[in-house]
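In the two assemblies presented below, chain A is common to both, partnered first by chain B and then by chain C.
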Partner chain A sequence: MTAVPTPLAPLAAVKRISLWRRYLRRPLGVVALAVFAFVVAVAVLAPWLAPFDPNLVDFRITRAAPGGEHLLGGDSAGRDVLSRLLHGARTTLYGAVITCAAGVLLGVPAGVAAGYFGGVTDRVCSWISDALQSVPGMIVLLVVAAGTGQDFTVLMVALGVFLAPGYYRITRARALAVRREPYIDAARVAGVTNPRILRTHMLRAVYAPIVVQTALTAGIAVGMQAGLQFLGIGSASTPSWGQMMNDGFQTMLTQPLILLWPSIALGVTIAALAFIGSTLADLISVRADQPSRRSRGAVRRELSTSSQVPSGVHVHEVCALRVENLRVGYATESGVKEVVRGVSLDAAPGEVLGIVGESGSGKTQTIFAVLDLLPAGGTAVADDIRVAGQAVDKRALGRSIGYVPQEPMSNLDPCYTIEHHLVEPLRHVHGLSKADARARAREVLVRVGITDPDRVLRSYPHQISGGMAQRVLIAGAVAGRPALLVADEPTTALDVTVQAEVLELLRELQQEYGMALVIVTHNFGVVADICDRVVVMKDGRIVETGAVEQIFRQPADLYTAELISASLDDTEGRHELDELARVGGEDETR
Partner chain B sequence: MTAPLLAVEDLVVDYRLHRKLSLRALKGVSLSVGPGECVGLVGESGSGKSTLGKAVLGLAAVTSGRITFDGTDITHARGAARRRLANDIQVVFQDPYGSLDPTMTIGEVLAEPLVAAGSRNARAVVAEMLDHVRLPADSVHRYPSEFSGGQRQRIAIARALVRRPRLIVCDEPVSALDLTTQATVLDLFLDLQRETGVSYLFVSHDLGVVRRVCHRVSVMYQGEIVESGDARTVTRTPEHPYTQRLLLAAPVADPARQSERRAVWLALRDTA
Partner chain C sequence: MLSFIAKRLMSGVLLLVVVTSGTFFLAHAAVGDPTPGLLGNSATPAQQAALRARIGYDQPLLVQFWNWFSHAVTGDFGTSWRNFQPVNDQMALRVPVTLSVVVVATVLAAVVGVAVGIVCGLRPGGLLDRGLKLASVVLFALPGFWVSLVLVTWFAIELKWFPAIGYVSPDQSMTGWLRSITLPAVSLALGAIVMVAEQLRNGFLQVAGQDFVRTLRARGLSDRRVTAHVLRNASPAALTVLALLFVGLLGGAIVVEIVFNLPGIGSLTQSASQIGDIPVLLGLTAVTVVFVVIVNFLLDLVLGWVNPKVRDR
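Now for the complex of A and B:
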């Protein structure tokens, strides 16, 4: 009885493309990276590349124009500008590395600890971070410079201290989010020590944002450093871009070129770092690329030339919903992935249609295509989609179609009251006055079984329970008296008791308003409870359509029978199973 | 009658919401789990059933009462004492997506509890466990995002089993799965219990699931146990009105019977 059908379905061959490989596909990022690599190479090779000693004074080339031996001419003290520029890159990058290292070493451990442990650790670290941010950094840096005999390294470390709150904030936010994940609890239950959790789970989670932050921090550090040098801070014998700009600034009106060279070097380096940072940020935050118009067109062409015959049948003359040969596809690396492959179905006014299937069967994609709510990258092609006899367009949502989503809580905006959620659509879609809209909202709330509608209207989503939130969403969906109500797994996220209430409510409303109700579910118990007719889907196709009694009595398809038998209503309980397995006696251990 | 493996006596757990306001999640709950036994804990969300599991795992602070494991008081076990318990008590969570670190390969996920215990032959144990939960051996190099919900739950079960614990707290382990996947994962739980003799504290809101895997069942409502007893009795002919409503609320996959049940449920609801 317990022979497990081994689910060795071949694992999807997902190619994990490294961040590095994805980065190389971004032209802007590649250019920025190339520029930055060039600056690094110049800095490293400066002693060999520079044609002259950067501090060698030759009065003959004082403010000399570019050309001859001195490619970029000489500065106001008679030193070779090109050589000083090349050596200046060295100073600049050394300073940036010191600053970032100091920022990371201070900010990241503090941020991870504050986010993970919370409480006093968090308060103390956040207080220090806030205090650092409120101190005028430039003045402190000038004081540090004066107090340490203008030691460049100490100065850059001090700058790093001031940039550490940037690291602290992002790591703390990330650590706070990750610490609530069940896998952290699982690690603690598995006996993993706190330091080890911090080193593994936490560091892995904050790694990517830190890389981004470092590229941006390096840009800031380079700019700040040049500013300090411009003010004359730092050793005079070490050539630097800021110093060169100061020098050029004195003769800006007569010899603008002397100011121009270090400015270009500085500007290009900072821009390169900023672009590297923003490209990385893009890659990390955006998971699915917005498909281009061209790729959507390609998906559409491929879907419309698909030779597959539509699955499913039409049974009604007058339909609240009629879908003819619907196909939904997503553009992937390896061509178009079709998730709905030719679906035809219909629902009459006053009928309850169930769309049933396992996850991945395409049942949700089908109704998302009807609602025009497909996620980014999804393209739908159909011969015809009609709601209440009319072709569906954006205006149909809220007027002729009502929608009850799966997750009640995530479908209410926490920033707005329930009143706002219910009244706004009535005013804008149905053109009701504010008072009328409020009266209607109150009326439907009472209808969906909410006993104190005025309090609920004033509440924010976090102040009501999940079951109440689902009632509010149903109220919103039916407030516009739609011809078709679509419910996507409306009870999956709810307890059985609340599920029964919601199903009862849907049934009552559907009969009262004479709507067609399309309900998507994986649970045949829900189907038996509420549906008149069922469409069974598998792998994007309809395998069977029929009246509920007939489907349950005599499923035509093996897959339907399998789904029905998966419900545990009449299966053997543990005691019977133990007896069957002849491990009897164990059940009487107490 | 053998001594219970896990005994919970008169347990009270408070959650602090604000500085002054706290919520009593458990109001003096008692329960025991014997060796090799599966005890179910049923109730709706907010009934405190998950809190009890968390208290046993040391993830929720206990206000009063006692939890003993194999005769030892573990109510307030912390630090090294709690880590030693990892040898004996493990967990499978509800969410097959959040319970695996997305940046770790399956091999790393499964080896983590072993490495924490200082085990040396982690690789061999991991391979054996993957076989136990019927996943292909090459899974070790893959990442959680490449697996379906049911497969991830198998990985979570394998992680709970690698230290060969004597008790696994299962917190709604199948409620996020499709019904067909749910059935196979439940069968896996049963097989593993027979093979290894591990005990389960099985938290669920579904009486059908509990009937399938549990020997005994306790029903929780608002932080208290309102009914407990043999799984056959509690899940088929319950005595407490709350349990009766809970049982009738779950729809059965048979239109005729379901409409009868619904009528009874409606009548019960209106009188309640």
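Now for the complex of A and C:
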């Protein structure tokens, strides 16, 4: 475990170049950048561009209309508007630079320290940041201006202090995320000192969000600065847009043009900064765009014309579940990606069917397609999907199909009690009265083995254990007495000791209610434990279907054999596997 | 729940004490000797000394602080250094005006922002959603007084739908009051509306992609019921933004009031700042922070009600 930092350096450089290139592909961003560059150029060149001294008073041009040598006319004190506008850009940008610098210098180190060290540092810094955000900055700025009104720089630094929490929050969040990365631990173990880790890793991680934040902060700073100047804060001899707007505001009814020029300059500059910021933000954290309806139709068409022949077989006449030639695809930039490529399977009432395969084999996509719960962007096409003899539609969900998810804690709504989770579907899907729904909820909880149902009903999801949460979810799935229960890796997220209990429970419920149970798993131990028949999937197709004993004894496909031998390394279920292999053809009696 | 409320209250009081004390010393450091500002440059040293004695400026800073602080905790913010009127009387006239503008703006931001946010969350990539994205970019940064100048030019001067300037008290005429604060409140609210909407929309989409939403659908619940679950989970972020916006709107109102010539705290703060009238500035700071603390406290209660996890922390 040696110098970890080194390989990161070239990577980051590559990333930065491509970010710049990607930025140049956004028309709105390019326009905004060009506008801002123009403002910067004007500010820098103002002394040479301006036709007159911005503070030169010539009474003859007081409120003069545009034209002649005074291109934009004169203001109410007889000064050349164009010259003041050009010099105002200088003031504006100077103020923005000071404000952003103050914000970065205060917010970024504090954020990195709080995120990296945590504990007291974090609590103190976060309290100060929250407090700063709770103070009406404008009033305190006016307090500061009370004595130092003429000193523009001090005021802009003070404004930077109030905008520092924006930097602090974003840096702290990034630093916290990076702190949890394994390579930081590795660097610490390797003996890299804290300051060096902070310098090499943290600053690189927060670089991009800070650039975005600076564009946004600069926009806000320009606006607040103009607001202060509009109130009459700041030196009278320094031309500024806010001051010009105040001047124009006094004569708004008679000479609206005097107000118009600085307002346009201010609005355009702020909009440019805002668009630069939002374009950068878009590039850094791409807002996932929803596929349009047209592309969804295209996916459907492409899937329908797919040349794949169905894989898998039908073995039952009467089916609790029957799937005929199912295809699932996702729209990607390079066309349609098919993740399920022609799958046919069935399960008889009272049968336990296992769908086995490695990650990416399409097993979960298959059952989500059956449930009509594919994630956004996913499209399913099938010749036929029937549950209990009926074509699947919206009404089947929760009525004839029950669903048990993989990860219990993330599948309960944290804002509602367990009682609400169980009662809501019973009342609004199954039409029970409130009292009946409650009684039924309590009864099902007892049935799934919860010994203190009243306490659990009152609890919120974060107050119960993972094993208990999975029992609650199973209770919710069977409460409506479905004909088919679909379980997606129901034990993967649980402790080893709880896993066996949950499998046992599923088996009991399945027999008691006479349901078909379709269980998706990557684990042949689970298959051996509970399944009657098994479907083995690979790359979106079924490679083998058969009774459990037959598949274990004599896998027809090489891939199945590999999966089984890989599963043998898992300790759970190993005993059953060995026994199965020894007992041979005898029926599994569990 | 009780300890949760007590903790939040304590935190609010602490914030109030820290901010007002900090402002006291900041103001004294910034202003220095206030008498030239108050009396003008033509005042004699004797006149200046007399004023210093009258306002207690000749005493040590810590004594002055204690005098101010011990009265402030009883709700007495002293008298103005300029006209020796009680600060409380001046604020009693002006704070309600500012507050009515800010509250109306906040309510507008909440109602319109939530409605727009939900529609955009339900139809991401739709026409309104794309419009919101564009609007949020620009309106987020444009200062309220800039927007208010545009609105005044269009709606008050060109179309004459609303009065350009002035304030009508609700005691005199309810409709007159509404008409007089509509434009100021809208200029303040525009930026806030898009921020609330954007926040809610993003939160909505984020929650909609979570596992439990799929499970709720799998239970057969209708789209309307699932949306209610999503909305409740997405609301904390939008509520937090709304509370932060309230602080920002208080500050923004100061400038917007000047544009509309409303007799709120804006012109009072402005004049007090220009001559260094510290008691008035401190009173205004304390009152605004009190409102912020109240709003934050209410927010905490609502957040605790919406998300039970918060209560248990």
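Throughout what follows, the second predicted complex is superposed on the first by the 428 of 590 C-alpha atoms of A that agree within 3 Å, B and C clash if a C-alpha of one lies under 4 Å from a C-alpha of the other, contacts with A are read in each partner's own complex, and residues count from 1 in each chain.
Here is the rule we go by: contacts are C-beta pairs under 8 Å (C-beta built on N, C-alpha and C of every residue); 3 or more make two chains touch, one makes a residue touch a chain.
Just so it is clear, the model here is predicted, and its values are computed rather than measured.
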Chain B versus chain C as contact partner of A:Ala205, first or second or both or neither: first
Touching partner for A:Arg60 - first (chain B), second (chain C), both, neither: neither
Which superposed partner A:Pro182 touches (first chain B, second chain C, both, neither): first
First, second, both or neither for A:Ala226, with chain B first and chain C second: second
Chain A positions touched by chain B in one structure and by chain C in the second: none
Chain B contact footprint on chain A (complex, rising order): 2, 4-9, 11-12, 14, 16, 181-183, 185-193, 196, 200-201, 204-205, 358-360, 466, 495-500, 503-504, 522-529, 548-549, 552, 562-564, 566-575, 577, 581, 583, 586-587, 589-590
Chain B residues touching chain A - in the complex, by the definition given at the top: 1-2, 4, 32, 34-38, 44-45, 57-59, 82-87, 89-91, 93-95, 98-101, 103-104, 112-113, 116-117, 134-136, 139, 142-143, 145-151, 156, 159, 163, 178-184, 187-188, 190-191, 194, 205-209, 211-216, 230-232, 235-236, 245-246, 248-258, 262, 265-266
In the complex with chain C, residue positions of chain A that touch it: 131, 133-140, 142-149, 216, 219-220, 222-224, 226-227, 230-233, 245, 249, 252-253, 256, 259, 263, 266-267, 270-271, 273-275, 277-278, 289-290, 292, 371, 373, 375-376, 395, 397-399, 401-403, 405, 407, 410-416, 424-425, 428-429, 460, 462-463, 473, 476-477, 480
Sites on chain C touched by chain A in the complex: 15, 18-19, 23, 26-27, 29-32, 124-125, 137-138, 140-143, 145-146, 149-150, 152-153, 157, 209-212, 214-222, 225, 229, 232-233, 244, 247, 250-252, 254-255, 258-259, 269-270, 272-274, 276-278, 281, 284-285, 288-289, 292-293, 296, 306-309, 312
